[in-house]
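Once you scroll down, you'll see the structures, which are given as structure tokens.
Below, chain A partners chain B and then partners chain C, in two separate complexes.
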Partner chain A sequence: MKREIPMIITFVSGMAIIIALFVPHPPFGRVEETFNNWYIIISGFTMILGLNSLLGHNLDKVKRKAEGWPYSLTLILSFFITLIWGIVSTIRTGHIFASTSTFRNYYYTYVFVPLQSTMFALLAFFIASAAYRAFRARTVNATLLLVTASIIMLTQVPKGETVMAPVLGVAALLAVWKLMSEFESAASWTAGLPYLLLSIAIVAVYLPIVEVLRTQTTAVNDWIMNVLQMGAKRGIWLGIALGGIAMGLRIIFGIEKSYLT
Partner chain B sequence: MGLFPFIFALIVGLTGPRNVKVLDKPNDDGSAVIIEWDSASVTPAVKMISIYKIPEEMWGHGSIKVVDLLSRNTFRYVDTQVKPGKRYYYYVRFWGEGDYIDSKIVGPVVPKAEWFHKERLPMLVVLLIYGGLLAYFLKRIRKGEEVYIRPIAGLQAIDDAVGRSTEMGQPVLFILGLGYINDIATLAALSILQRVAKKTAEYESELIVPCFDPVVMTAAQEMVRSGCFEAGRPDLYNQKKVFFLTNDQFGYAAGVDGIMMRERPGAIFLMGLFFAESLILAETGHSVGAIQISGTTSITQLPFFIAATDYTLIGEEMYAASAYLSKDLHQLSTIKAEDMMKGIILATITIGVVLETILTLLGKPIPNYIKQFLEGGLWK
Partner chain C sequence: MATTIWVWVAAFFTLAILSFLYKDNPFYRIAESVYVGSSAAYMLLFLWSFDVKPKMIDAWVKGSTTDRLILIIPITLSIFMLMRFIPKLRWISRWAIAFTVGMGAGLGVAGLLQGFVVPQIKGTIVPLWIANNFKQTINNWIIVLGTLTTISYFFFSRKHTGVFGKFSRTGVMFIMIAFGATFGFTIMARVSLLIGRLYFLLHDWLGLI
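Presenting the complex of A and B:
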């Protein structure tokens, strides 16, 4: 019964949500809202479990003087300072974010928000380092990614169309240089012929492509974003939606039981 | 309306609301009424709009103000403070500079609770087809038919990642993202966590799971415990290693980054729902030299994971993980049904594109019933 009862609850709740999706009439129409309210109440209480876990974990580290214990001590002190300051501010002003609240005017504005912004700002550097690794043209796929990303970046920055010709020119030169070195190191003349033909093709289409990109910047950008990018995105969305339904049905009908540990 | 405001309104060019309509909101539980008015009647002299309601029992005894001071660009309002089966009358008031002009009283409208959400008919049809396919593949599996599921590199790499971490004598870090327990991606991540916990217990390696949500933390603790039990090593379960960190997005990112820098994990799993913090976590993980396996259904974060981690479970691959890892035939049959459904949808899209192209070339419009069905309005 230890497994059966949760499975019955899951089945009944899942079916109720599915019925509520198609039957707006009471009592079905409000089922999802009611379940969500129950969840909010339960999750409110589980915050006590969370705090117990957080403080317990860090107090234990401080007690044992485990490696990095000063960080745990900092966390505990910050936790209590925030809690006490917040409570005192709320009692004094009636609301924690009242205009006269010292918590809002000092702690939140000058400590909390800058710390959050600092973390968010790191993203810019991380994007650069991740892009550097992803855009290294080692394979055909990575090269395609590099070329497409370069076009999108150049079409979205100020004066992008002006610098497009020299940037793509350098890219084309590098590609031709790489292909010619492949041609030279090929075992035979026929084996290297594709590299030679590709080099000639790049040189031949370079000027027309640059001209199209320079004059039709917005159209090219829109086409890449709305056709190539959106097509791939929708394919993934389709898979996610169907996968989500399959997983939901597996759980509702008791085929997937991993949550019943 | 008094005579003086009316005369004043006429002088300054304020005209009353025209074509005011009240309708029962379709496909609801009878708790809403729609009030609409003609956008052309909103002249520049109109500054604000108010709506008044007269319930049946108050007829002749005044009215209730439904909403005060709507912006002049509003041409529609949904009143959700109504009860099904009761009769309501409404009128709209346009405010000028201190003066106003009312519409005629319109109604009655009787909000009704409906038994079927007609706009969701296509969804029901798809769900029924999908359910039928699931039943069909389950039946075939029960007859002993074998199922082939293509190898998923990210899932195959789980054992290698845990093994590498063990060889290096470093812990394994499992990050469940910012999802809550009611997100399917989090449930999928939890089932992967169970597998990772089993492997770490088999290899006697340390597993760290910092959590964003206390409910998810409780579920994660159970998953890790069950993984240790499955491996026959319940003694290795340490509840303190599955702990709550914070439910602030960047606080969580900072906390997990700190754990990465201090503990130097050999393998990092990023599974679940992620938002702007995804790349911060993945790049820090890369900087400490860990092998990283990520999986998410957040479509905007997928490119970051693909760029920054070694293996990525893209969208549906995450949902397939528990079936794939358990090798349970019943679960695998649902993936087969999913693939078949995907094929049906792709075929429908292709047929639709071809038909529309042909009809456009022939200069003929697309049949109205197809459009109506797809828009959910066939039974309106």
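Presenting the complex of A and C:
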């Protein structure tokens, strides 16, 4: 019974939500709302399990004086200082985010926001560094990724349309140089012909493309986002959704039971 | 120079995290520890203020006897969840976990159907010929072709050879364009955050701009 009862609970709670989706009539709407509230309450309590793990691990490091224990102590102290501050602020003002709450005006504005936004801003450097190593226009697919990312970035920045011509000019020159060296090293004239034709094509389309990108920057950006990449995004989203639905049904019908171990 | 102590605190944390660009150092590690610890407490306070208190405490205080009787179920399951700390009663916590897993799965199925499958299919069923609007016709063809070829790339029940192989390889091209666009957007979002932090340092802290 230690396994059967949880499986019945999973089945009933999961099916209730799905039935409520297909039968939008009383009492299912009310059942869905009630179950959702229960879910929010119980999920809130799972936070205690996570905190127990985080604090327990760091407290253990402090007790053992393991490597980096002062940082673990800093973590524990910052946790309790923030918690006490939040509780005191809530008691004084009635709500943690009240306009007069010192927690909101000082902790949130001058500690939480700078820490979080700087941490995420740091990722800009790592993504750029990873891109420098990964973005090599070796294949057609890699070139498509590189060109699309470059256009999107250039169309998002102020004066992007001005720098577009020289940036794309350098890219076109490098591409032509690479293609011409392939043409030179080709075994025969006919074998190298595609490289030569591609070089001529790049030179021929460079000016019209730059002109379109320069004069219709926003339209190009919108077209890439709303048309060109939309098909692939839809395909990926559909794949994710169908996979998620299959997994959800496996859990509800008790085929997937790993959460019971 | 700003005199407010809190601006200095924010500047210290900003510089401490940015110092990681040089190399891992104690200032970064301190800022990282403060971030993890205080974020955990912040999340706990947030969950209490916006979820648990209004849905449980306030509902209990303001609710009728029937509401209170119904509320006993989630409160009991929440207590069951904490039974994980008692080895002998650990198995009871499975009931609460089972409820959250079932709800998560049910919400997932319903949400994905309503929010993804139906709207995405609906968005892809577009007219492939629009009289006097050649541009929209081409755009619709690109969207339909992009969706179908991308799905075909993820269809592994058939070998990707011949016509189907070419079809799925076209899908890879569309996927690369989508990844490129996503990458460009992500970079710009991160850069705008960085600009925000640099503006804070130069304007709010140093008063240079």
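Here, the second predicted complex is superposed on the first by the 207 of 261 C-alpha atoms of A that agree within 3 Å, B and C clash if a C-alpha of one lies under 4 Å from a C-alpha of the other, contacts with A are read in each partner's own complex, and residues count from 1 in each chain.
Keep in mind that, in the parts below, contacts are C-beta pairs under 8 Å (C-beta built on N, C-alpha and C of every residue); 3 or more make two chains touch, one makes a residue touch a chain.
These figures come from a predicted structure and were not determined experimentally.
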| item | value |
| --- | --- |
| Partner chain in contact with A:Pro114 - chain B first, chain C second, else both or neither | second |
| Contacts of A:Pro24 with chain B and chain C, given as first, second, both or neither | first |
| Chain C versus chain B, contacts on chain A by residue | C |
| Contacts of A:Asn141 with chain B and chain C, given as first, second, both or neither | second |
| Touching partner for A:Lys233 - first (chain B), second (chain C), both, neither | both |
| Which superposed partner A:Ile245 touches (first chain B, second chain C, both, neither) | both |
| Partner chain in contact with A:Thr46 - chain B first, chain C second, else both or neither | both |
| Partner chain in contact with A:Gln156 - chain B first, chain C second, else both or neither | second |
| Touching partner for A:Trp177 - first (chain B), second (chain C), both, neither | neither |
| Contact residues common to both interfaces of chain A (with chain B and with chain C) | 18, 21, 39, 42-43, 46-51, 54, 68, 71, 115-116, 119-120, 122-123, 127, 131, 233, 236-240, 242, 244-245, 247-249, 251, 259 |
| For the chain B and chain A complex, residues of the former touching the latter | 27-30, 84, 113-117, 120, 123-124, 127, 130-131, 134, 180, 182, 184, 187-188, 190-191, 194, 211, 213-215, 217-219, 222-223, 225-226, 240, 243-251, 253-254, 258, 262, 276-277, 279-280, 282-283, 297, 299, 302, 304, 306-308, 314-320, 322-323, 326, 328, 330-331, 334-335, 337-338, 341-342, 345 |
| Of all residues in chain C, those that touch chain A in their complex | 6-7, 9-11, 13-14, 17-18, 20-21, 29-49, 51-52, 55-56, 59, 70, 73-75, 77-78, 81-82, 84-85, 91, 94-110, 112-114, 116-117, 120-121, 123-124, 139, 142-151, 153-154, 171-188, 190-191, 193-194, 196-197, 200 |
| Complex contact set, residues of chain A against chain B | 18, 21-26, 29-30, 39, 42-43, 46-51, 53-54, 56-57, 60, 67-68, 71, 115-116, 119-120, 122-123, 126-127, 129-131, 133-134, 233, 236-240, 242-251, 255-256, 258-259, 261 |
| Residues of chain A defined as touching chain C within the complex | 2, 5-7, 9-18, 20-21, 34-52, 54, 68, 71-72, 74-83, 86-87, 90, 95-97, 103, 106-125, 127-128, 131, 140-142, 144-153, 156-157, 223-225, 227-242, 244-245, 247-249, 251-252, 259-260 |
